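Presented sequentially are two complexes of chain A, the first with chain B as partner and the second with chain C.
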Partner chain A sequence: MRAAVRVAIAGAVLLAIYALRLGVEAAFTEYVQRIILLAGINVILAVGLNLINGTTGQFSIGHAGFMAVGAYGAAFVGVKLAGPVHGALGSGAFSDAIVFNLALLAGALFAGVSGLIVGMPSLRLRGDYLAVVTLGFGEIIRILFNNAAFLGSATGYFGDDPSGLPAYTNFFWVFAWVSAVVVGIHNLTFSQTGRSLTAIREDEIAAEAMATPSTRLKVTAFAISAATAGIAGGLFAHMQAGVRPEDFRFEKSIDMIVMIIVGGLGSISGAILGGIFVAVSLELMRDLQQYRLVLYALLLIVIMIVRPQGLLGTRELHHLLRRKKTAQPATPTESA
Partner chain B sequence: MSLLALRAVDKIFGGLHAVRGVSFQVEKGAIFGLIGPNGAGKTTLFNVITGVYTPEHGEIAFQGKNIAGLKPALIAELGVARTFQNIRIFRTMTVAENVMVAGHHLHKASIGSAILRTRAYERDEQALTKRAHELLEILGLAELAGEVAGSLPYGSQRRLEIARGLMLSPQLLLLDEPAAGMNSQEARTLNDQIRFLRDQLGLTVILVEHNMNVVMNVCETIHVVDHGETIAEGAPAEIKVHPRVLAAYLGEETPDAEASA
Partner chain C sequence: MTQFLQQLINGLSLGSIYALIALGYTMVYGILKLINFAHGEVFMVGAYTGFYAAGALGVVGFEAHNQAFPLYLALLVLIIAMAAAALLGVTIEFLAYRPVRSAPRLTPLITAIGVSLFLQNAGMLLFSPNPQRYPAILSEVRFEWFGVIVTNIKLTIFAVALCLMLGLHLFVQRTWTGRAMRALSFNIDAARLMGIDTNRVIRSTFAIGSALAAAGGILFGLDQITINPLMGVLTGLKAFVAAVLGGIGSIPGAVVGGLLIGLAEQLTAGYLSPEYRDAITFLILILILLLKPEGLLGVVRVEKV
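Right, the complex of A and B next:
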């Protein structure tokens, strides 16, 4: 019964996204559609990064590295899977969907496992070791891809087909994955695990004294966060003809940090707003490409002075709405 | 068998011998006081018992099992709860959430079932919420359950730490200066609450406290340390007049002072 209701809700959401897709594709130019897709991918990145940087309070500044692992992993697996799957199911939208989602999951898995490898040694310690290690990891991964001949080295990976990677990514898949990631991370954050992660952020010694297995939880949260960056990477890879190492420079990690700080560290709704903000502002600042980091730095400084907790602080939009609703009965017309 | 037995425990920080050869036993159901001047090593002893520090020498037997050097989370799981001298609550979380953090043994649902919100997850979550509110009721914090913990007055934060510790369903509760910052009314209530924990919940309590009204009222046995070493142990009445305790707290009477008196 319960499961049936949930499947029905999930089906309705997917149907709604599909209908929206038709609307969006009819109403907007390809240019605007691309910004919308990038905004969706940013939301996945921001919500995932917020789990470790915001909720758990362990700062990663190299998340572009995990996005790169997911992008290359998904692109490579997608290319290798396409042949056998098309052979078994015939070519068409259905088998494309299977290939694409398997490729995304593979990208998430690769990114998640790299998260485990990076997180296990660096999260045993308290303090800012994770920031240093992830910074190094992001650069090392990019240089590895830059030199991996089977992945196209510095020119990037374009698959076996001369026309490049198949353009699987569209409005439907991006927002289906946005919904899955947002709901999943939301449920995780507002659970016993989420409470334990917040407790680790607030006071790790006290959390451990309350039987919280802090290292295990930090590593788990970090791997989940890396895996979501991997999904975003896979979606990003299939938006364009290929994946290039320079798509995942340090600036990309900074963009992600701007997303979660603008919205409010620790708030999922804040991360969503931040992701959209960065997608739109990057487009608006396209002409000043190389000055954009200067502007972001300025923006961060202004935010730290004016509103250090970000737009939403650690609160969620629906909490604010709920508070408003409970305040309403006080109006005279309602009480009369 | 005592619930907790320390045997010749040493803790050394560089050149500082913070705890030197301390031994004591705490019987099940006791309210045991641990006192001494500032810097005597009381909190270090708590940290050694709870696994924050590993002792250089000696044994710490909890329910007959040596726990010296185990990880804090494991010792907590075995049934040792504590509060902190400099309050360590989770400030941005609500009062109820603070308590729920310690409820891992009631919430066995996996991360996967939390993400999928399975029935097992929701059953555990309800059990945990219910238990948290029972404990907040005992400590008189039930009305504040939804408040942000960092906004509570000092005394309430101290009681919240006790409620959070109780969530572990511990055998042994270590209270590090629970009366610090409390007014005399709050301290009297605290006395009753500590007795309630022992009488009604069957807990064993070790108390580090400077408020002598609380210590002398509520403890049955008092262990006194100074400069990391044991100087006395006994009932409150004996400790009050013990010459070495008086010397440690008030200073030695020098022969000169005696002569001039």
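Right, the complex of A and C next:
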């Protein structure tokens, strides 16, 4: 019964997104539509990164690397799958959708596995090693893609077709994935596992004393976070003709950190707002390109000194609106 | 064999630069348990200060007259850069790190990332993003010993680094401030109760670490010929790995780690492929975290509640 209700809700959400897509594509110019798509991708990135940086309190500063793995993985798998799937199902919107979503899942899988590889050695330890390891990973993965001949080296990967990668990404798929990621991460955050993650953030020794398997949970959360960055990467890859190594420079990781810090570390609704903020502010500051990162850097420092918990802190918007006495993820009694 | 010796010499001179930078990471981490992400950028600013100081002292004029830049002026360049970097390090500590010192661990870490990012991009605005050729404050002389080419620059790098590290060792072991630093890294609260002005000692730690990084920056410029505003990112990361390899918090460990990373990088470049010279550092970091996270010379610390 409950399962049926959930399927019905999911169907209704997808229908609503489909209807919205028709509206958005009729009402806005290509340029505005692109910003909306980027905002959606940012939301996936921010909500995913917030799981590890905010909820679990382990700081990754190289998430652009996982996004790159997902982008290249999805692009490559998509190109290789297109032939067989089109052969079996004929070419059309339906088989395109199958290829695209399988490619995105493959990208998420690649990114998740690289998250495991990076996370396992560095998350065993307490301290800030994850920050350094992820910083190194983000740099190294770009060097690897720069040198990988079968992925087009420094010019980037454009598939086998001279016109580049197929433009699968549209409003419907971006926001269907946004809903899936947001709901998934929300349910995880407010589950028993999520509370264990928060416990690790608050006091790892105390959490371990309460029999929380902290290393395993940290690595799992990190791999999930990397996988969501991979999904975002796959969506990003199919928005343009190809994926290039320089799309995933250190600045991209910084953009993601700004998203979650502006909104509030540990808050899902904060991450959503932060993702939108960065997408819009990137466009508004396009003419000030060389000052953008200086401003972001100052923003980070000032927020840390003045209001380290960010705009929302660990609160969620819908909790504030419900006017319960400040419900925090540490005591999520009503949403369990 | 000749090639091996050649890589060994290059590796040791590069490694002593990493060691100089790693000292700053390890000293700050030892006391504040903070990865000072901005340290790589202090190294970069040090290199640029040397660049402009040499320009102001007219190093180009000497080149034009085919005269060597006098040694005392080269030393002056080094001292100016070290003083400027020390000032920068102390300012960063005062403006950005001190206000968040007692906050949860993540807050100073994010602040440090912010400072690093700020200096990188301010550097690109101030110094132009293009690489600059480093002024020849030492004119190169080549020797050949048993088929191995050694330049006076490599020897100078090694000698300067060695002198500075010896100086640091004496300072930390023999002076009052050095002893206070050791006390702080042992237990900062107990040190405060013993009447040590912790703020002053932390300030000197930042000043010394930053000055050493600036010396590293000038030596790096001499060695690698060009500098750019993003040079601190990868070099800083490598120096940090050197500090972890040697055992973070340990001063001799930083020196050993720096030399080993320099050697590993040169040997990879020489025998495998130059493209993987940056990747090898990362591989070493992963291995050390898996096998011996306390580092080669570090002590295992028991976590107490």
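In this text, the second predicted complex is superposed on the first by the 321 of 336 C-alpha atoms of A that agree within 3 Å, B and C clash if a C-alpha of one lies under 4 Å from a C-alpha of the other, contacts with A are read in each partner's own complex, and residues count from 1 in each chain.
We take it that contacts are C-beta pairs under 8 Å (C-beta built on N, C-alpha and C of every residue); 3 or more make two chains touch, one makes a residue touch a chain.
For clarity, every value in this text was computed on a predicted model and none was experimentally measured.
By the touch criterion defined above, A:Thr212 lies against chain B but remains apart from chain C after alignment on the C-alpha atoms of chain A. By the touch criterion defined above, A:Gly23 reaches neither chain B nor chain C.
Between chain B and chain C, it is C that contacts the larger number of residues in chain A.
When the two structures are aligned on the shared chain, A:Ser122 is found in touch with chain C, with no touch to chain B. Touch criterion not met for A:Gly87: it reaches neither chain B nor chain C. Of the two partner chains placed around the shared chain by superposition, chain C is the only one that A:Asn147 touches, whereas chain B remains out of contact.
Contact with chain C, but none with chain B, is seen for A:Ile254 once the two complexes are overlaid on the shared chain. Touching of chain A by both chain B and chain C, each in its own complex, is seen for residues 205-206. On the chain C side of its complex with chain A, the touching residues are 33, 35, 37, 96, 99-100, 103-111, 113-115, 117-118, 120-122, 124-125, 233-234, 237, 240-241, 244, 275, 278-279, 281-282, 285-286, 289-290, 293, 303, 305. Chain A makes touch with chain C in their complex at residues 57, 59, 61, 121-122, 124-129, 131-133, 135-137, 139-140, 143-144, 147, 205-206, 250, 254, 257, 261, 265, 290-291, 293-294, 296-301, 304-305, 308. Of all residues in chain B, only 50, 52, 71-74, 76-77, 81-82, 84, 88-93, 97-98, 100-105, 107, 109, 111, 114-117, 119, 121, 124-125, 128, 164-165, 167-168 touch chain A in the complex they form. Per the touch definition, chain A reaches chain B in the complex via residues 2, 184, 187-188, 191-196, 198-199, 202-203, 205-214, 220, 314.
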